[in-house]
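For clarity, chains are labelled A, B and C in written order, and residue numbers in each chain start from 1.
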Amino acid sequence: MLNKASLATYIVLTILAFTYLLPFWSVLTTALKSDVEVRMTIPIVPPSNPTTMPLLKALELMKQGLLNSLLFTSFATILSSIIGSVNGFMLSKVKFKHADAVFLALSVGIFIPYHAVIIPLITVTSKTGVYNSILGMTIVHTTYGIPICTLFFKNFFDELPESILNAARIDGASDFTIYRRIALPLSWPAFIITGVFQFTSIWNDFLFGVVLTKGSNQPASVVLANLLGTTAAEWNVQMAGTFIYALPVVTVYLLLGKYLIRGYLAGAIKG
Amino acid sequence: MVNVFIKDLYKKFGKTEAVKDFNLEVRSGEFFVLLGPSGSGKSTVLNCIAGIIKPTKGEIWIGDKLVVSAEKGVFVPPQERNLGMVFQDFALYPHMSVFDNITFPLKVRKFPEDEVRKRAEQIAETLGIKHLLNRKPGQLSGGEKQRVGLARALIRNPPLLLMDEPLSNLDAKLRVLMRVELKKIQREFKTTVIYVTHDQVEALSMGDRIGVMSAGTLQQVGEPVEIYERPINTFVAGFIGSPPMNMFNCISTDLERGVLECDFGEYKLPKSIAEAILTKTVKELILGVRPEHVKVVGKYIPGALEAKFIYVEKLGRELIAHLKIGESKITSIISPEVHSSLKETVWILFDENKIHVFDKSSGKAIV
Amino acid sequence: MEALLNNKLFFIHNSQSLRGRNMGSHGSLPLTIVFIASLATAFFFIYGLIGWNVLLSFTKSMGLITSYELTGLTQYVKAGSDPVFQISLKNNLMLIVLFIPGSIGLGLLLAVLLDLVGGRGETLYRTIYLLPFSLSFVTTASMWAWMYNYSYGVVNTLLTALLGRALQVNWLGDPNIALYSVILALIWQFSGYTALVFLAGIKSIPESQINAARIDGASAFQLYTRIVIPQLKPWILSAFVVLMVFALKAFDFIYVLTNGGPGVSTYVLALLMFRRAFFETDFPYGAALATILFTMVISVVVPYLLLSSRKGEK
């Protein structure tokens, strides 16, 4: 805004930046230290002989969890994105009464604490046989992702000029054709935003994982949390596990961060 | 009131040269209009004077104070330049009342409260917005917002007032009224005004002097009459005046006798002009004549050219006639009575005292 | 719960028939099916299960067997006399009072600094500050468990280095301090988000207003405090709602970092619900606690959504 930021501004920003990055630095240095070194040195000091042993060990302990997370996160992300695009299209472009009320009722679902549904959810998943399974996690995450995915696509389609669709209608296209040939191709940014947002949300989830799965079906988040509880002494393995678990999300953030940001702001833009 | 001196102003944005070779002196107390199409650099010049933008090269003096010099490393921030500025989108603070908007420049400098109140009421009275003081910008009409913006700019009685296309967002009728208002205000507040616009009617009606800009450079500076009657090049000639000047490509076939071969056919120049061209030894010319100097008659007169009506724009008290001469088109302004007496084929004469001749390659006026 | 399901069906039936009337032969069956089915599923899993949960909260605790024997407000009365319940509420309140203003204040500061810098600097620093927000609470709790470690943790070692002598604080082991340690870590995680929101707000102010203020004589400080920040109110409100909802439903982070300890000093409502429901298998009581939590969140979210949807229509 102003033409030149003073040196003081840069100094403050840089000091803050280092403070924000300290936890990451501490994870990184610890994850690369041998058992001996991790007990002898403090995290601020980098490893003198970096070793991948902790990483390999953590990977071994977490590999099932990582696979589980990868599977249901991917499936749920894809499914909820597609459903969100259909719903967003219907609510935004296909005119019907009470669309606003429906959307409002759905939006409340974005904010609800999942604690309010988790107990009945156990009954529902057991009765339908999907308790403690990848399928169950996929269904649960897809379903609870519907409100936010619908929001993203509805907002996106609201921006699409009505005139394009009217032209298509006059040309004789049915709603499905309009959806498939016009709305869908144009909405690739919304797919990226939704995909990135859902992937990180579902990968990051803990509550559904810890309640609805057990043992070898648990997601990486729960496996990591258990790791912290039990192997209290081996901080290097714990930090290595933290690093591995956080890596996909950090990668997505660094590569596709601008889409993630649009997702974060979608709820925040006033009104 | 203060004068403004701009020397060798040059501004580059990335690879684009927005303003170059810009030299101008605006006289103390004058209403100076900077006129040009969009992209001509006029707003850039204004923003440099305001301190919103820093020039790449050059100097600007406001009065006897050097406010910016790229070479000498001088830059006085806008806060300290003691000017007022009025914006195209009004730029009012939406969360503050009209009173708070107007008095913001005083409050920011910690003026005493009773002084603030006094000045606010005075200026609100002058600009006719006293009844709006408690309202918020969102509740005002375009014209009212413009007045509030003006009040804010004038409340500290600045010696220099800058205006960036202030009337563009108002409806046509209001614009005409405001033109008169603005001149009145300038005289009353005794301030130097630099006014930027792309509307040449505004420029001609309001400016004490006009500076015409195109593609970053100043084409011509002068009083409205001078710009209108003696444009210095084809750009100024074509930009000023509505409908625009008729211009034709010509080649001088017989320099001695002043005969030209033009788009529309052969044309013989009046003696004085022919003599002037002789000394310049140019071959390719542009002949210009304004529509109001193109006379249309029903019968042939020696020297007249044959023409046919293409269509006529009826504007009530006058008509703009579009005619075909030879392979070219020409516009003329004629009265309804004259028009009714004419048939489809007519004859055209140019007012010999009002012909403009330009050198085709440079665009500069020869006569 | 039956009533809720009936309402939904009526609702769906209505919109379906209205749609038929509007669209004629140009509507799309596959789209409609996906739409209705997904909405029905979502509404069941949201409103349906919430209703079920409320019902459960009115039943008698029977250990592993859910009896559905109605007992009125017994579970809620139980909460009133549960000392950990009171501690949890107090801690949630502490979050509201410290975490929210802290995140908003720091976010405002960061946003202003970022705006001053602009360009690539702004993007770089913003990326750094926002990174924690994208992470899972399990990740960040794990990071802070190590950061707050008494002997080795970065926080204590830095304090010792800066202040010369061994000024070691028992961040996670001292019941008087633990909650504040949690709050500090959470501010670290959320302030990038608030900064992002406020930065967007700052950028939405037209350039001409900023220029006008500078010409009017405003210094940078006056510019931000009188012109920019007052216009950020809607953005601050929106961030406030997000932070408020989190302050009420915070669970993952605290479960992993302290599990409510030391003692019960960092218990929050969501954690208590989890413990009572799943560790002590008192599902009806857990359902009651969840209902209380849900009610608190709803009372913030619904007015906000109504307010902003009405503003959007203006």
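Heads up, the rule we're going with is that a contact is a pair of C-beta atoms (placed from the backbone, for glycine too) under 8 Å apart; a residue touches a chain by one contact, two chains touch by 3 or more.
Computed from a prediction, not measured in an experiment: that's the story for all the values here.
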Chain contact topology (line, ring, star, complete or other): line
Which of B-C and A-C has more C-beta pairs touching across its chains: A-C
Computed distance of Cα centres, chain C from chain B, in Å: 57
Separation of mean Cα positions, chain C and chain A [Å, integer]: 15
Overlap residues in chain A, where contacts from two or more other chains coincide: none
Complex contacts: residues of chain A adjacent to chain C: 1-2, 5-6, 9-10, 12-13, 16-17, 20-27, 30, 42-44, 83, 86-87, 89-90, 94-98, 100, 102, 104-109, 111-113, 115-121, 123-124, 140, 143-144, 146-147, 169, 174-176, 179, 200, 203-207, 211, 221, 224-225, 228, 235, 238-239, 241-242, 245-246, 249-250, 252-254, 257, 260-261, 264-265, 267-271
List of chain B residues in touch with chain C within their complex: 50-52, 77-81, 83-85, 87-95, 104-105, 108-109, 149, 152-153
Residue numbers on chain C that touch chain A, as the complex places them: 11, 14-15, 18-19, 22-23, 25-32, 34-35, 38-39, 41-43, 45-47, 49-50, 52-53, 56, 66, 110, 113-118, 121, 125, 127-147, 149, 152-154, 157-158, 188, 192-193, 196-197, 200-202, 210, 220, 234-235, 237-239, 242, 245, 248-249, 251-252, 255-256, 270, 273-274, 277-278, 283, 286-287, 289-291, 293-294, 297-298, 301-302, 305-306, 308-309, 311-312
Chain B-touching residues of chain C, taken from the complex the two chains share: 206, 208-209, 211-219, 222, 226-227, 230-231, 233
